[in-house]
Amino acid sequence: MTDATITTAPELIRAAPELPDLLPPIKLRGGILGFARRYPAIAIGGALVLAMVLIAVFAPYLGTVDPTALAPTRRTREPSAAFWFGTDMLGRDIYSRVLYGARVSLTVGFSVALLASLAGLIIGLVSGFVRWSDGIIMRVMDGMMSIPPILLAIALMALTRGSVGNVIIAITIADIPRVSRLVRSVVLSLREQPYVDAAIAAGTRTPMIILRHILPNTVAPMTVQATYVCASAMIVEAILSFIGAGTPPTIPSWGNIMAEGRALWQVKPYIVFFPAVFLSVTVLAVNLLGDGLRDALDPRLAKRL
Amino acid sequence: MLSYTIRRILATIPVMVVVALFVFSLLYIAPGDPAAVIAGDQATPADVERIRQSLGLDRPFLIRFGEWLWQILHGDLGTSIFTNLPVAAMIAQRVEPTLSLMAVTLVIAICLAVPMGVVAAWQADTLIDRAIMAFAVLGFSVPVFVVGYLLAYVFALELDWLPVQGYTQISEGLWPWFENLILPALALGCVYIALIARITRASMLEVLQQDFIRTARAKGVGQTRILFVHALKNAAVPIVTVIGIGVALLIGGAVVTETVFAIPGIGRLTVDAILRRDYPVIQGVVLMFSFLYVLVNLLIDLLYTVLDPRIRY
Amino acid sequence: MRNGAALVWDMLYGVDGKLQPRRQMVESEEVSSDGLVWTFRLRGGLKFHDGEPVLAKDVVASLARWQARDNMGLMTKEIEQELVAVDDRTFRWVLKKPYPKLLVALGKVGTPSCFIMPARIAATDPFKPIGDYVGSGPMRFVRNEWVPGAKAVFERFADYAPRQEPNSWLSGGKHMLLERIEWIVMPDPATASAALQNGEVDWWETPIADIVPVLKKNRNVMVDIADPLGNIGSFRMNHLHPPFNDVRARRAILTAMNQEDYMRAVVGDNALWKPLPGFFTPGTPLYSEDGGEILKGPRRLDAAKRLLADSGYSGQPVTCVVAQDLQITKAQGEVTADLLRKLGVNVDFAAVDWGTNAARRAQKSPPGQGGWQMFHTWHAGAVCIDPSSYTAIRANGDKAWFGWPTSAKVESEITAWYDARNLDEEKAAIARLNKAALEDVVYAPTGFFLAYQAWRKNIDGIVKGPLPFFWGVSKAA
């Protein structure tokens, strides 16, 4: 890490291995069952995430109705055969809302993971290769990391109008410094490797070095990091929506459903219960996937956490 | 040691300036007219014009930033659009509940999480370990408000053991103050406990494999003593680091927790300000919390030298 | 803040439970036979919270402040010859025209009420909030414990001189049996409900209807209707800007809206609501359904769409400001958003808090520049019994309430009601007024509903009324 600046190092448990070797192949020996036995976390987490993705994609075909259609005449109905998860204060079908809500959460989670990884990759590469920029970039990242991520996202949301796109941007910005620092540390440690040195000495151009030596080595730690970013982004989205700074209330997102149901949690707990379970399970699945990937990709850390 | 302390304190100054610069420039990076954002949704064109004048948008960016920073150094965080009160005064009025909540959470979390991590490492790969780690993963995955409502339901409504809302000033007695903070602190602490327990376990596992532990065992030192004195002391640095970093989680979570438990603190102020689009307040809160965060981590950095005599600067 | 204001500031007159104005700070009044010269004498021993006596000059300044802000105040201002302090305890009001409802105006519940404050405070800009809370009422506002948006504290003002009569609403002896009142804002109804059940708070002003069954089950909690006169839900449109500057677009809303949807969303499945094809409080003498057909019967979405198209609307965004922190406004807003979507309107749903809503609705500028096209609120049934304090029914354009409706017919019927000599004439005027207001769509009534209040069993003396009256309320250990 940098010299005497403040210890805003990436949270240790989210930190990537300091010097990953080339991506160790995950062998599919013994078929799917064998894989599942060796990497139970990946198998369980992956299966759950896949299930959520399928639910989100096929929400219209899973016995749902229009999730925004009001029907005040049949409001706050308990879960039943007609309304599997009951109805909310305005008579909207919670089952449909929760299923459609998966779209928002997953969109936010995946987009933030992707965008933060991309932005972090670029910033990390620049600061690792363009020596003079390193100091400036890392000072800025230190500063950004000193702002608690949820507050940074809140501040950004206060400046813009509530929309899914803006939520994604706000959470992404808050997550960029962690990814950049990770990429930079990979770049810096790889630069010291003899074979990279040799490549530089042989006159290989920087883009080629990045493509051949750097990128493949960042894939593993970044994948692990991306899953954690994805999980935390989904929670942050729910929190932002819950306090009224996130997805506009007209869009059914898990955070919004819970925000609306919270007034009634004592009387009609199921309104909060179902989205809470879906959100928790999804985040749990992504976290499991991340833990599993980390263990599989970096055996050295596997024992530790 | 002293020179390190001084250098370390000086080194936080550029970080704080960068935080301030970043928070300041957010307003100008965001799409739209900064004056309109400051003035709020309900402002008339005349209001916006007045604010544009006072922002001095025609002058160079750095000069405006300098002036703004100068104001902040004099304790002037601007004026709320909504209440017309100075932001600094609004924050000062609500600082006690928030700091109390965070302090109690910190203490409760450490008292619960560290033993959990130690036991998990000691009993590694047993059912106890699995259970503790399962809780840790779960703690990461359940949003803080869900935990809050569950706790309130069980302990306040069903069992009627603890109050469900509000805040009592510490000047009105230690127990009334603490009683009100137990449930919010547990809800807020959930993620934090998970984080600390995980890192404690990991750090302990590493230390427990080392020679001096074996030596201590051979000498017949008791198990509890080995775990909590010999091993924990050597595993302390990463744990303390995570405690410092996790304060960011506490700050974010406080915003939600204060809303759920109706605690009139800075978190509530933030949520109110969001719905009112009261940007000066949000800016002030972000700055204040960030400085707090930097300070906490500065303290922890300084703590390292005490905790681990091997670290010398 | 009106509810707190009634504690901190006393009034010259106050309405009682039958909505009749009674003397409060005034000891006696005399009116000349032509109804033009009013002479008022203040009670002795009245004091402000800073210990200074309440003088006639303070009253005159307070009246001037109120006149600038209130509809009836404006009316009195227009016909005013002079308003002067005669001596320390006497002031005289000379009018150019008789104004029989003067005492109603001075004692009304509807905001802005005519509160009496020291002259130096009253003299500040009437449209700026005051910064100094020295009042004349039975409770003192404890400023240093005030946390805006979270908590307000009131303490008994020992030097307050209550009247001898028993209290009733804003009239009679405001004897404070409580030393201290803490007013706590809880952002979350669930938390508030739990706090009441646990005895952490004593009185909950506005429990949401869905939680009431839980409260009723609790042996330590009493639940009752807050105000028998109930409330009228209101969906205000901005008459200054498209599309609702065109009466056809406004009628489209009335044609399409289903009051049952609104009312069920606001108060739930129970018998707390009824449809309201009019603007006046059901069960009161002037209630009328004239012209109410547009709100009755099956809803006609297609006809509404045609009306909208005729008005020239073609998909421009329409800003609907919805306060999220009040269940009544939030529920109405959601129903409206749904209704508008069905009508093919492009809704711009602005989620704000009530404070912002209140500030924003005062903006006359176009929606793109801080203005708005729609917001929701509700009016106390106590106010909607007649036009005297019913500012929301006024249709005098720029001077009217937010939305600034213009309808000569409505205005002339209001005048007709003021001029009415007996109840039959009043009823006839109100029936015509109701019809005209529906034709021009002054606003869209979303229905009539009752609200609850809930309190701990050890609290005694709570009465039903349009706002909480703390005098006479006591708390047993």
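As written, the chain order gives the labels A, B and C, with residue 1 at the start of each chain.
By definition in this document, a contact is a pair of C-beta atoms (placed from the backbone, for glycine too) under 8 Å apart; a residue touches a chain by one contact, two chains touch by 3 or more.
Quick caveat, the model's predicted, so the values are computed rather than measured.
Shown here, the protein chains touch in all possible pairs.
Here the chain at the heart of the structure, going by C-alpha means, is B.
Among the other chains, the CA centroid farthest from that of chain A is the one of C. Comparing chain pairs A-B and B-C by the number of C-beta pairs in contact, the larger count belongs to A-B.
Centre to centre, using the average C-alpha position, chain A and chain C are separated by 48 Å. Inter-chain spacing, taken between the CA centroids of chain A and chain B, is 21 Å. Distance from the chain B centre to the chain C centre is 42 Å, each centre being the mean of its Cα atoms. Residues of chain C in contact with two or more other chains: 188, 190, 194, 324, 351. In chain A, the positions touching at least two other chains are 244, 262, 265-266. Those residues of chain B in touch with two or more other chains are numbered 149, 157, 259-260, 271, 275, 277. Residues of chain A that touch chain B in their complex: 4-9, 11-13, 139-140, 142-144, 146-152, 154-160, 231, 235-236, 238-239, 242-245, 258, 262, 265-266, 269, 272, 276, 279-281, 283-284, 287-288, 291, 303-305. Listing the residues of chain C that touch chain B in their complex gives 129, 147-151, 184, 186-188, 190-192, 194-195, 197-198, 200, 324-325, 350-353, 355-356, 359-360, 362-363, 365, 369-370.
Chain B contributes residues 40-45, 82-85, 90, 93-94, 149, 152, 156-157, 160, 163-166, 259-262, 264, 268-269, 271-272, 275-277 to its touches with chain C in the complex. The touching residues of chain B, counted against chain A in their complex, run 7-8, 11-12, 14-19, 21-23, 26-27, 30-32, 37, 137-138, 140-146, 149, 153, 157, 195, 198-199, 201-202, 205-206, 238, 241-242, 244-249, 251-253, 255-256, 259-260, 270-271, 273-275, 277, 279, 282-283, 285-286, 289-290, 293-294, 297-298, 300-301. By the touch criterion stated above, chain A contacts chain C in their complex at residues 68-70, 72-73, 75-76, 89-91, 162, 244, 248-250, 262-268.
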